[in-house]
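Sharing a structure, written as structure tokens. Questions coming.
Per-chain residue numbering starts at 1, and chain names A, B, C, D and E are given in the order in which the chains are listed.
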Amino acid sequence: MSKLDNIPVRHQPTEAAGRKRTNPLAHVFDELVKFCQSRSMFMLHYCTGCGAIELPPAMTSRFDMERLGIQPMVTPRQADILLITGYVSIKTLKRIILTYEQMQSPKYVIGICSCTVNGGMYWQSYATAKVLKDYLPVDVYIAGCMPRPEAVISGMRELMSDIKSGRAQNWKRYYENYDHYLGNQQKLFGEDWQTPTDIIAEARHYGLMTDRTLGEHTALLEKHQRPLEALEMRLSAREKQKT
Amino acid sequence: MNLSELLIELLLMPLVAFVIGLGMVLMMRKIAARLGRRIGPPLLQPIYDIIKLYGKRTQISHGLIHEIGIIMAVGGYVAAETLLPVPGMNGLADKGGVITLAYVMMIPSLGMALGVGQCANPNGSIGISRALTAMLAYDIPFILVIFGAAYVYGTTNLADIIAIQQQQGVSGWGLMQMPLLALAGMLALPAVMGKQPFEIYIAPAEIATGPMVEMSGKFMGGLFVMQCFQLYTAGVLYTTLFLGGGAYWITFLPKIYAVVAIPMAAAMLFPRYRTEDVIRLMWKWPVLVGLMGLAVAMK
Amino acid sequence: MTPLDQLLLLSALTVVVPLFTGNRRITGPLATLLYTGQGLLLLRMAGLGYGSETPVSSAVSLQVLGLELHWRFDALSWFFALITIGAGLLSSWFASGEWAQRYRDSGSSLRLFHAALALNVFTMLVLLASGELLSLFIGWELVSWASFLMMSLGSNTALRYAMRYVTYAFAGAMAVLMGLVLVYTRTGSFEFQAFRDAVPSMDADTVWLLFGLFAAGFGVKMALLPFHLWQAKAYAETPGPGAAFLGAISSRMGLFAMIVVLVQIIGVARLVELPVPFTFLSGRDLLAWVAVFTIIFPTFTALRQHDARRLLAWHGIGQGGYMLLGILIADDLGSAGGLMHVFNHATYQAVLFMSVTAVIHRTGTSDLNKLGGLVARMPLSFLAMLIGIIGLAGLPPMNGFVSKWLVYRALILEGSPLLFLGAVIGTLGTILSVYKLIHNTFLGQLRLEHVDIEEAPSSMLWPMMILSTVVFVTGYFPGLVLDWIASVQAAVGLPVLAHHLGGVHIDKGGLDMIWVVSVLLAGFGVGALVFLSGNRSKRVHQLDNYAGGHFLTADTRYQYSDNFYPGLMHLIGPWYRKSFRWLEGGFVSTVDTVSQLMQGLYRHTHPAFYLLAVVVFALSWVMGGD
Amino acid sequence: MDTIIILYTGAFGLIFIGIAGIVLSRHLVRIIFAIGLLEAGANLLLLLATWRDGASAPIIVGGRVPALMADPVPQALVLTAIVIGVGILALALSLALRVQHAWGTLDMRAIRLRLEEEIDDAAGIEPPTSADAPAPRPTAPATREGGA
Amino acid sequence: MNELVLMVALPLLTAFLLPVIDRLSSLAARWIGPLVLLLTAIIGLSAWSQTGSGAITIELGNFRPPLGIDLYVDQLALLFALAVTLGTLLLWPAEGEQRLRQSTLALLLAGSGSGLALSGDLFNIYVLYELIAVVSYGLAASRGTAAGQAATLRYLIVSAFGAALALAGIALVYQATGTLNLAQLAQLAPTQLNNGQGLAAFVLMLVGFGVKAELFPVNTWVPEVYATAPARVAGLLAGVVSKLALLIIVRLLILLFPQPEALTVMLVLGILGVLTGELAAWRARDFNRMLAFSSIGQLGIMFIAFSIPGKAGVFAGLAVALHHLVVKPALFLLAQRWGGSLEHLAGVAKGSPLAAALFILLALSLIGVPPLPGFWAKLLVMIHLLEQQSSLYALGAWIIMAGAALEANYLFRVASSFYRREAAATPPAAHRTGDLAGASLLGAALAAAVFLIVPLADRIEAMAGQAADRDHYIQTVNPEPLP
């Protein structure tokens, strides 16, 4: 499906996200927020495989990630980073995508272990998704089987500097190229694949719609997806009939 | 005191409380880290966290009540701080008193509970159920302590309580006057603050941080702010009741930090208590000590 | 024709009118109008006699069996009458629109409902107006049977519990009657004044006896422990607006009578002088402890309910304990707290029952396990319930806080830590329980079958909103109610509370709700500012929710409702021994056994009574000593 | 003097025997006879009320007034009472006969049980027995017990 | 004034002539009974308005008492005579095939009842009492069922036993005083009867006459007979006949037996009656027996009330008795169709709302709910009981209270079952117009009494004052002193 040399480690900001703010104060504020984002990373470790075993040492007294402001969090709502630590079976991948979509942007994905890069030792398994970035935009890959805690922290620092400098914008690519990602997902899960999250609406909400957001795959999705609109408060049932 | 001074005080008090509370959060995390032989977060970590959370692009809301809940959680404590006298500022201490304070302190919990309820996530509801149960557990010794103090000092006005204690120097402190009640309060304090080992209600791996499960971005940030206030309020209230409050910030600050630090450091070493064990513990020892203290104090 | 006569006449008219208008739609509005008229008359009376020393008396008086019956209104009666008529007005309003239609369509008699409601109001006014012990008793009985009528309008279950009520109530009434007659034989009169004059000369045993009889008799209506079993279920099963009315005021009639007899006539000071044998408690302490246990046990029973109406009704019992506790403290603060709680409780309990009724009206159930998420569809009902539960839990800024504060403050001043602790335990239990109520009803997941329901109709919303406003405003400016309370205290002979619009000023820690609430609102403002400083939030559907990676679908029930406090119940669950039910059951089976014995006497093969007769005959012969 | 004591003893004895008879017998006819005895005792008592030893009948024959006359009133009364008593006894016996015809027993206990059952049946009340009771009681008492 | 004798004589005469009239015209036979009763009632009423507050005595055959037999007519006696007549009229039991016999019996009952109420002679009382007893046997067995006859037989045994005891009592009285005229006895009582013998006589007569008055140990017949007899007959026995017997006892008590022990005996038996009656009623499972036991309890209250010494007791007792006199027959009229298991009454209010409402009204009054007359009666009893300052009387008061609470429970258990939503499997038939009209009439009287309570109370008080005044009785009759 994808070639190995396509691993996106660094990304240039895409055009849609690159709107400039002219107010210098706002600029300072943006910088501050970016700085804080880089110094406070809540990670959700989706412990799919062996790589998970390297995380506890990274968090406890030997390496202590908290001194870098990195904390584990348990729900996607609170997390900034999604850590995928090992091979991703197809069944797991559905959950990963759901979890990713429930995370709050700006959000980042780190693939740990070779399995997330190219399938690793499971490269010929019928049951695993080989290349994670086909389904989600991955910000940092930390290869190795398994990478040592030092390598994990090094990868984290990489991401931190990316965030601080504003280069880590991969979460926007998911909205901008939704059709591409959805297509890959549909190939794997079948045509009736959908998640509760309405990505297209979110893309609109963030102003991240591009011509690549919608396409044949999203058309397929919209055929059977009934978007879950928020249950707004209302006083009578008539409003609903109007819409 | 004229009105403008009062208004300034009312503005300043929550602000001061927030800043001190940030320090307390940091201190707590540092203590936890040090006890685990870690370095712990940097100095400004609480601020980083809060700013980051408010700066998130996505702010998932489950409805109006979700938002109002967070507003109540923060706003309730902002109001509570004005009832709590600190050196140089009495705020509304004479308008409410300690009973009012104790009840105003429940408003944020109620707000949070409402917000969590609106999230429609059972993990959150379970967390609230546990938090409220824990409140039932620790409020009984806590209220006993408050009663004892108010009775012994003969007033519910916190400013008066401070004045009474300071007239007699250290020997006039509540700690000296009613050591048993002070001990009971100290025993209940970790539970009041909802920190280890009494944080079963957030049980991250079990119920995914309970009440916070659907809290993201500024919602989470609001809860972080609330936590600062919570620690501050507990510390200052205990200091006011038993450690003579503070005439000067220079003596006041060490006291309140110590009040938070000492029980925390001890409590951090215990494994987490189950909900019913929280009740069992709180209804047993602090209440027993508190009742004995009352018996002594009222004699 | 004094104003009191006009009031009673209009009230009687309100009973009669629904009987004529019948099941027509006009009945409800007409009754509401008449209640408004009563309210206006009552307010007019306030200008005439309220607050002054002399009560407004009725022109009617009777002389039966040489006993004089007369009626009058003083500030105490006026205060309770205000609540009664207010509750009647709003309940009737609530019951006049769509609810009435539904009620009628279900085959029930609207005529009977409105007549019963009006009869309740009327009999309560008669009771409140009673001028001496006999008319007090007559009013008492009338109220009991009127509320029996109201309760039995519901389902078969309602009928069963109404039956239980009437058993308790009548037994209580008999105790009261016994007390009255004892008083009469001591004083030769039913007048309050004669009784009051005779109390100092009575010996302790007599006062104990009277105290026990009156406290138990009036306590039944108030559902004091251990006579509380009837109330919750009976109220809960009453048709919605009726439940709101009964829950608001009906059992407070017990408190009224208790104030009249125990506080106004016997006097708390006399109760303090009564020692309980073998303890260091006094009669007053005994009753205060009964009040405290009445707070605790029913509240924690409420915690276990999974029917919204029963939950509320059990709380209604518990709240009664605060009122009695406050009044028994008998200083200016405590009694003001107790009296004010009557008003406050009426307002928030009514609004809570109305809100629950609105939910039932829309969803058809009050089972807390079958609801959830209704805030999205019934936001105003939610608001009403929110205000109600904050009041019920006694948190600022609602009025329930003020009255509880007064009671707490008085307990601190008096130095009763255990009573204080008991009261606080009750409050904490209430908080737990009301959160469960609002969570399981309005928060959490909206069920699929409730997606299309609407907000309650305006005929229901208006009374709810009005009451909510009252709950809030009297919490913000408690002085409004405290004015009335002060007059009541003066009329009853209690020390009068010095107060101002915001609360009370005491040297050693007073309360100013205007400041507290203002600062709370300002705090919310600050909170809102802080909140709005973040990015704009985006609303999501309830199924877009964290479930550990699980895909939630529309038919997934993702709600936490049953056994809401498992940790607590794990610990205290075994303490629910149903002791009172056991006690009641034991009493009933004792009666059953004895009555079986008695029937056995009549069923005997050989009427062995001949033997008895012979024995009596022989005995009398010997006794005569021929 | 002795006579009157004997008479009184007789009267009270009759009353006592009557009562004992009513209380102790189970057979209806015996009970009815006992009632007869009781009434006789009561009548005798009434007669004795103004009994004077050696008095003659209160009949004035030829203007000669006897020195000691018996009081005529009780005698008249007793006559009435005897008539009433006989009537009632007759009624009782006829009722007993009817009951005997209908239920075939004169045993008081059996009658009472049967009566209870009939009343319950007529009222539609289930007998207070368990559904798992071994066997229902035969409804008609087959035995004709309690012969004289 | 002598037409009052007609009150006794006319029904008796008609009763004896009835078979003859039936031969002539069966229509006349059907109507003559009620008509005669109506006539006697009119006579009584006119006499009522004439007598005013005074009492008179009628010497039969113009023989002066004690030789002659006299009728003593005061308001109380007249009221009860009227009550018997009107009660019989209202509860006219004649129906069906046995119409003729029952008409005869009812007329006999009315006549002898009036006679009993008016009688001023002890032996006369005994004879009339026995007459009533025989009539009541006939009426009680008039359903013709074996159960009815068996119950009547058991009733008869108790009754005969009682009669014999009463006769023994009369013997004792006569032995002590040598007269049977009540007025003369009243004169002699303080000296001759104020001793053990008098007490024994009283107890014997109490037990003897108590059989009809449902006095505690000799009331075992009550549930059986009321359950098997026609409901109207039961109403007659419970409502009217029992009060007559009670009246006799009270008369005797006032006139003949001044000793306090007599009151005590009556009080104790009354208390036991309330206890057993109310408790047994609490457990009753059918309508008739519930009413029967409840009536035992009510009679117990009357005994307690009459045991209060002096006018107060008579006043209180009369109030209760009159109230019961109205309520119980009405309830038994309702029982005409509702007799049977209480379970069958579930949901009957839908079919017969008026009857259900009537039942509630009657029940409310029976348990003493203000402002219904039952309350005032009960209040009066309570007040006077507690005024005695004696623990036994106080016990009586407590027992009455407890009994009322029990009564409220069982009566309203029934009343609320009327309004249950699901109906019983076999709902009872609707009431006949006659029954319902009778019950409504009594109910209306009860309701009217609520508003007339003040004059009624005064009237009863006056009546009680008159009845309780022994000297007044003696002076009215003014018997010749005994030779």
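As a convention for this text, a residue touches a chain if its C-beta (ideal position, glycine included) is under 8 Å from a C-beta of that chain, and two chains touch if they have at least 3 such contacts.
Everything quoted here is computed from the prediction, not taken from an experiment.
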item: Any chain that touches chain C and chain B; value: A
item: Between A-B and D-E, the pair with more C-beta contacts; value: D-E
item: Most central chain, judged by mean C-alpha position against the global CA mean; value: C
item: Chain at maximum distance from chain D, centres defined as averaged CA atoms; value: A
item: Whole-Å gap separating chain C and chain D, where each centre is the average of the chain's CA atoms; value: 62
item: Inter-chain centre distance, chain A versus chain C - centres from mean C-alpha coordinates, in Å; value: 57
item: Geometric centre distance via CA averages, chain E-chain B, whole Å; value: 78
item: Centre-of-Cα separation between chain E and chain A, whole angstrom; value: 96
item: Where chain E touches two or more other chains at once, by residue number; value: 154, 157, 161, 165
item: Per-residue overlap in chain B, given as positions that touch at least 2 other chains; value: 55-60, 63-64, 208, 213-214, 217
item: For chain C, residues that touch 2 or more chains besides their own; value: 373, 375-376, 379, 446, 538-540, 542, 544-546, 610
item: List of chain A residues in touch with chain B within their complex; value: 32-33, 35-37, 39-40, 60-61, 64, 66-67, 69, 72-75, 77-78, 80, 103-107, 202, 206, 230-233
item: List of chain E residues in touch with chain D within their complex; value: 123, 126-127, 130, 133-134, 137, 141, 145-147, 149-154, 156-157, 160-161, 163-165, 167-168, 170-172, 174-175, 178, 180, 224, 227-228, 285-289, 339-341, 343-344, 426
item: In the complex, chain E residues that touch chain C; value: 154, 157-158, 161, 165, 195-200, 202-204, 207, 216-220, 222-223, 261, 265, 269, 275-277, 279-280, 282-284, 293, 364, 367, 369-371, 375-376, 378-380, 382-383, 386-387, 389, 397-398, 401-402, 404-406, 408-409, 412-413, 416, 419-422, 453-454, 457, 461
item: Interfacial residue positions of chain B with respect to chain A in the complex; value: 29, 33, 36-42, 44-45, 47-49, 51-52, 55-60, 63-64, 204-205, 208-209, 212-217, 220
item: Chain E contact footprint on chain C (complex, rising order); value: 62-65, 137-138, 141-142, 145, 152, 155-156, 159-160, 162-163, 166-167, 170-171, 174-175, 177-178, 181-182, 184-185, 591-592, 594-599, 601-602, 604, 607, 609-610, 612-613, 616-617, 620-621, 623-626
